[in-house]
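My questions will all concern the structure given below.
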Amino acid sequence: MSTFGTLFRVTTYGESHCASVGAIVDGCPPGLQLSAEDVQVQLSRRRPGQSNLTTPRNEKDAVHIQSGIEHGVTLGTPIGLLVKNEDQRPHDYSETDLYPRPSHADYTYLQKYGVKASSGGGRSSARETIGRVAAGAIAERYLKEVYGVEIVAFVSSVGKVHLPATVAPPSLIPNDGNEDNDEAEDALSPEFRQLLATITREEVDKHPTRCPHLETGERMTKRILRAKDASDSIGGTVTCVIRNVPSGLGEPVFDKFEAKLGHAMLSIPATKAFEIGSGFRGTEVPGSRHNDAFVKKEDGSLGTATNWSGGVQGGITNGEDIYFRIGFKSPATISQAQATAQYDGTPGELAARGRHDPCVVPRAVPIVEAMAALVVMDQLLIQGARRSAAAGLPPVTTLPPTMVMPPQ
Amino acid sequence: MSTFGTLFRVTTYGESHCASVGAIVDGCPPGLQLSAEDVQVQLSRRRPGQSNLTTPRNEKDAVHIQSGIEHGVTLGTPIGLLVKNEDQRPHDYSETDLYPRPSHADYTYLQKYGVKASSGGGRSSARETIGRVAAGAIAERYLKEVYGVEIVAFVSSVGKVHLPATVAPPSLIPNDGNEDNDEAEDALSPEFRQLLATITREEVDKHPTRCPHLETGERMTKRILRAKDASDSIGGTVTCVIRNVPSGLGEPVFDKFEAKLGHAMLSIPATKAFEIGSGFRGTEVPGSRHNDAFVKKEDGSLGTATNWSGGVQGGITNGEDIYFRIGFKSPATISQAQATAQYDGTPGELAARGRHDPCVVPRAVPIVEAMAALVVMDQLLIQGARRSAAAGLPPVTTLPPTMVMPPQ
Amino acid sequence: MSTFGTLFRVTTYGESHCASVGAIVDGCPPGLQLSAEDVQVQLSRRRPGQSNLTTPRNEKDAVHIQSGIEHGVTLGTPIGLLVKNEDQRPHDYSETDLYPRPSHADYTYLQKYGVKASSGGGRSSARETIGRVAAGAIAERYLKEVYGVEIVAFVSSVGKVHLPATVAPPSLIPNDGNEDNDEAEDALSPEFRQLLATITREEVDKHPTRCPHLETGERMTKRILRAKDASDSIGGTVTCVIRNVPSGLGEPVFDKFEAKLGHAMLSIPATKAFEIGSGFRGTEVPGSRHNDAFVKKEDGSLGTATNWSGGVQGGITNGEDIYFRIGFKSPATISQAQATAQYDGTPGELAARGRHDPCVVPRAVPIVEAMAALVVMDQLLIQGARRSAAAGLPPVTTLPPTMVMPPQ
Amino acid sequence: MSTFGTLFRVTTYGESHCASVGAIVDGCPPGLQLSAEDVQVQLSRRRPGQSNLTTPRNEKDAVHIQSGIEHGVTLGTPIGLLVKNEDQRPHDYSETDLYPRPSHADYTYLQKYGVKASSGGGRSSARETIGRVAAGAIAERYLKEVYGVEIVAFVSSVGKVHLPATVAPPSLIPNDGNEDNDEAEDALSPEFRQLLATITREEVDKHPTRCPHLETGERMTKRILRAKDASDSIGGTVTCVIRNVPSGLGEPVFDKFEAKLGHAMLSIPATKAFEIGSGFRGTEVPGSRHNDAFVKKEDGSLGTATNWSGGVQGGITNGEDIYFRIGFKSPATISQAQATAQYDGTPGELAARGRHDPCVVPRAVPIVEAMAALVVMDQLLIQGARRSAAAGLPPVTTLPPTMVMPPQ
């Protein structure tokens, strides 16, 4: 349905050409300083028309907070959020209405509902993500304030243009094809870990592609413009890191941290793939090399020497950086003519009207960050319930010492 | 938590060394013929000791149905399922208790709960998956009976041993490294689509690795035995196809079909990656080639000429084969000595005692199938609610024809 | 939280003095004719200022539909609903802010959240019910269209002014005090059943008290005006009937129909009591008299000769009229001076400023109807999922005939 | 469905004549000392055969804990609970199978599922409550340990035999019938409040009726035996008090504390009515008398001088005693012959075979206590999440002082 989360719960509404899109954010902790500007900054990073790489539609996307806040402080009650649909133009798509757009949602929405919005795929519109980004910005505001959580996403590939192997996520580094060679440590380079540890949104935004490696960004630009010139489109991947998440988040067994995170990411339009930590690449590395050995950190607590796990072990965060990568397919809506069939099966050619994003990954960056914030926030509240409940109990004295948390 | 699903809802309990593991399956349609044998067959495919590639522990894993069935017919009430833990051996792990196993759940469970099971990671035990497999078998029984749904998973890679490019999922075929070359159609070969369309469990089970390509299976065997001999472990990927799923399943926007499927798969122990359809590979293929053109099928309905989408568009099934791939990391528990630290930070060496699976992917096959069945079943019920509700309404006459399902 | 329902799901936001109040209605069947007027009519019955018995605040409460509908037809996507807060006057309550209002939510909201809205009880405001009424109107539109469901609530008592015994719900008829006399059939009079079977909203609205028995309504008016004159308040009960609900709704065991209905009703502000069918009165009537004997109806199906059960047996609807009664306490906010204490414990006198409803039950009528519609709609969808799933199965042939639905 | 709760979540299975009944309790705080005996004590209070007032079936009802506990300490993982069905006797009811039992669940289960258990109403069996009682005992163990919560239910009426007015809940005291007389304070007597404040389970269990007023208990006994002798049945009410619940529990707006409590209670078989605090009686008492004035307590915090509210205001607990009353109808299964119809409509006479409880309220006492514990526990965890999240924020300095919790 249109609701995400258990204790920090977001419900969204709206499609391309209705009066507004919006969300209700329920479960925000009371007493948090929050302004519309906190939300607006991420909405503005999401909206189109920011460079010649994206659709030139000028959506102002100004958020109006309806409830849940007084004097700039959250009350703990639901926060209503609304963004008007100013640039509606509902007839722009009308001439092509006899055709379900290939690989778009027109056909499946009609199969599902029996009716569909005039704009086609209804809620599959990218405009639906406004509510997510607004809600995620609220979660992030809390996480940063209390835990110093930092969430930074960036573009790691566009088409076949990848980050260089030195700073690429493991799966972007091809294996050597030698089944008998286990030397694969380079798939998790110290430079990449360093990038994860230090990258900021400011750095990411320096290049219109939101790729933090500028030379690669330039090649991505060329790749996107080539697609644009051909009235075609191209996909890419977004990599995201979440720093300073407390250990202990994630609910065994069905709601493991990575399961919720994957759920969140795969609910973003156009996503087809998700991996955490070493991901698919980690399936090729023997356990003896892939295991993250424990080490004593300066503060006396345990950390890991490497981080193939991506900050999650057994479905629960371990305090290390959480990193993951999402694959976005090439956008389905292209203005190049395509041989396809009408709803009634009549063969023909479809060329989409209007202006379309040749590549969505730069704009997907704040959406990925928002969904990440929603997952962390919800899991934090759930674990907070458990820990505060357990904290009321007397110390456990009847278990063997190895079954109890040692004093730290 | 330990519950999965909205209308077809599975709740599991149990860890390695307690009295039993089990599940409650709520929401099974009434009037379904169901026997313990229907459930047992998949449990038996899951259990260890089936070949020299897996752990030799002999778990009988006989399921006992507690409720919800009379005279071999489901009543619609919750089905209680129980499998006794006969082979408990709780002391097998005891000497290593000072060490959290690297990349295992010992440390994170302790962080989460403050206490942990004597066996270590508690619910992260592979034994927890028994409840899922039993529940999935019930869902599958229904899906097969009513829709002819077929779910077949198989091993597509072990370490760097992949299926050959002709029958491999797209992401297992390396790209050509040429950023300016869009000729990538071979990433979705007709032979692979044919494999998806025809593969059966019987064929999969012909080789102990559960790889349907026997020559590759032999190389996988060698790879696994090499890991075993080195007291090491190796990961792999499982690919799964679901055939004959009706169109229209999946709930926009947060519960898209692939989001729920990804959630389900990433909740299986040791998973680190998930992709559907063209997955990560699809990010490299231009929209003009990646889009699945519509064609009129023999029965008059619409199908697609290709299936890069993997049977899902806009988060909703389109009636084509659903296929996806899951990455399982190399098992964390190895008997090779590892330099690591104790809970209190003291450095040392850990060598796990007991017998451990050098590779879990062959046994993961029925678990993947079970989770797939749970997702399809739940989404089917939810969509069934909508369609049966809409069916009661008079035909819509006030919408433009292109907004309404055409008569078929 | 602020969400109600599983498949027909309503989420509300807003308090007294924020920008707007509203709701998102998710799960509405697609293809339903729906206009703002369908919603407005119940909102208008809910708003204050309709007679001298209620608060004279003039809230226009015009609903604005944001999404989910095109050309007057529901799309199946979330319906965003918004009602602006035009008459805000946030400073009206300011002088009394040192005092938590006795039996109001000021104190408990502060205990819960640590902060509170300037208006006091925040979401406990009657204005929150706007979202419910709007959502309920949508549910009702469907239920009426497809099943002919009729939901009519009315005022059955104000203070000690009750409907006369001939047409009163059982619990409003005092027992005779004779423990050894079981003659209690009069507690469920044929006239009352006839009232339930025929009462309409038009009849209910004929009197400003919304009591369908006009002479009693006049006495209720006097009672309310007496409270008003004394700057005091008075409570009352609302009785509601739901006609034409299909049998089979309600989910054993925790979500029995009456459990969900009670949940819904007790979530309405100021409610303290709920009973279904014979309710508390039914605890005094022996089983031999209380049991509803089955009879063959004209259409060949089974009905019951009496209806002590109130249309629900074993938590599942049986097709008979569903009737229930809700108790609303006397409103807490009165302008009469009250001896009480400030937040810091200082004793003093509080006299609420502003204008307050001396009695809420007439305005509660559409709220009760709305919550009833939400419960029926959600249960209908859930049961629809089950029935449509079961309908796909072949007929059950292996059960004894008494365990299977006989052909009708 | 068969699951109750959000963070403390109970799922039950089982009907009368299957292998076992049981439950999975998910979300129990880790580190709690818990033994089977803690659970058994309430199960033993629930089981039949404890006096000549109940059915003489001898159910041993020994609980077997399957998981989630080691060395007598909870691990935080799901606790599997199982009670074998030893006294099954599935054929005892067979001769009457042509008749749906009036006011029982036979007919509605068949309408709902299309099939039914051989025992009739399947999950409507009182045996289903075993899982609830076991789960509730675990919740209660925690609540008592950490908060000193005390939950005591008792029988307040059987048929027309009520507790005397001095110690009766308000609604059991008839009003004076004078619409113009507001003198109704006696409906909440100091003696009754004293009873609520001090009553213990030991006192309740002193009389087989579980009525704490022994003379009334004797009259109840006579009333029950009169029903038994007539092969008839009689209903009654159970009143329950929950002491020492922290303030701030309950979630606005749909999950108000009383809404969840009402939901829980109305999910118990045979319940038809629920009221909290002054309940239906409170609808007759003017606001000026009904309001609970605040007073400074000895510890400096605020309490209320009276407690018409029943410990809940605005849907949130205020720290006062929570009390409520539930109405149980007269049991439907009686061995007296009843004129009714068969499933196919044929008129006839039904006399139930076997032994049946003439009155269920004494045995309902521990079930009511269990459901109360489940509600408090779940709400406590949810509020714990919020409070621990808010506690991490810096003090709010930008709100007017009256909007912030004063230092205490």
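Residue numbering begins at 1 within each chain, and the chains themselves are lettered A, B, C and D in the order written.
The rule we apply is simple: a residue touches a chain if its C-beta (ideal position, glycine included) is under 8 Å from a C-beta of that chain, and two chains touch if they have at least 3 such contacts.
Quick caveat, the model's predicted, so the values are computed rather than measured.
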Query raised in the report: What's the overlap between the neighbours of subunit B and those of subunit C?
Result: A, D
Requested in this report: Report same or different for the subunit A and subunit C interface, where same means the shared residue numbers exceed half of all residue numbers found there.
Outcome: same
Report summary line: dist(centroid_CA(subunit A), centroid_CA(subunit B)) in Å evaluates to 23
**Report entry** Whole-Å gap separating subunit B and subunit D, where each centre is the average of the chain's CA atoms
**Finding:** 41
Requested in this report: Express in whole angstrom the distance between the two chain centres, defined as the mean CA positions of subunit A and subunit D.
Outcome: 45
Query raised in the report: What are the residues of subunit D that contact at least two other chains?
Result: 1-3, 12, 27, 30-31, 70, 73, 76-77, 112-118, 122-123, 252, 386-387, 390, 396, 399-400, 403
Report summary line: As the complex stands, subunit B meets subunit D at residues 1-3, 7, 9, 11-15, 18-22, 24, 26-27, 30-31, 64-68, 70, 73, 75-80, 82, 112-118, 122-123
**Report entry** Residues of subunit C touching subunit B in the complex
**Finding:** 6-7, 27, 29-33, 70-73, 76-77, 142, 145-147, 252, 380-382, 384-390, 392-394, 396, 398-400, 403
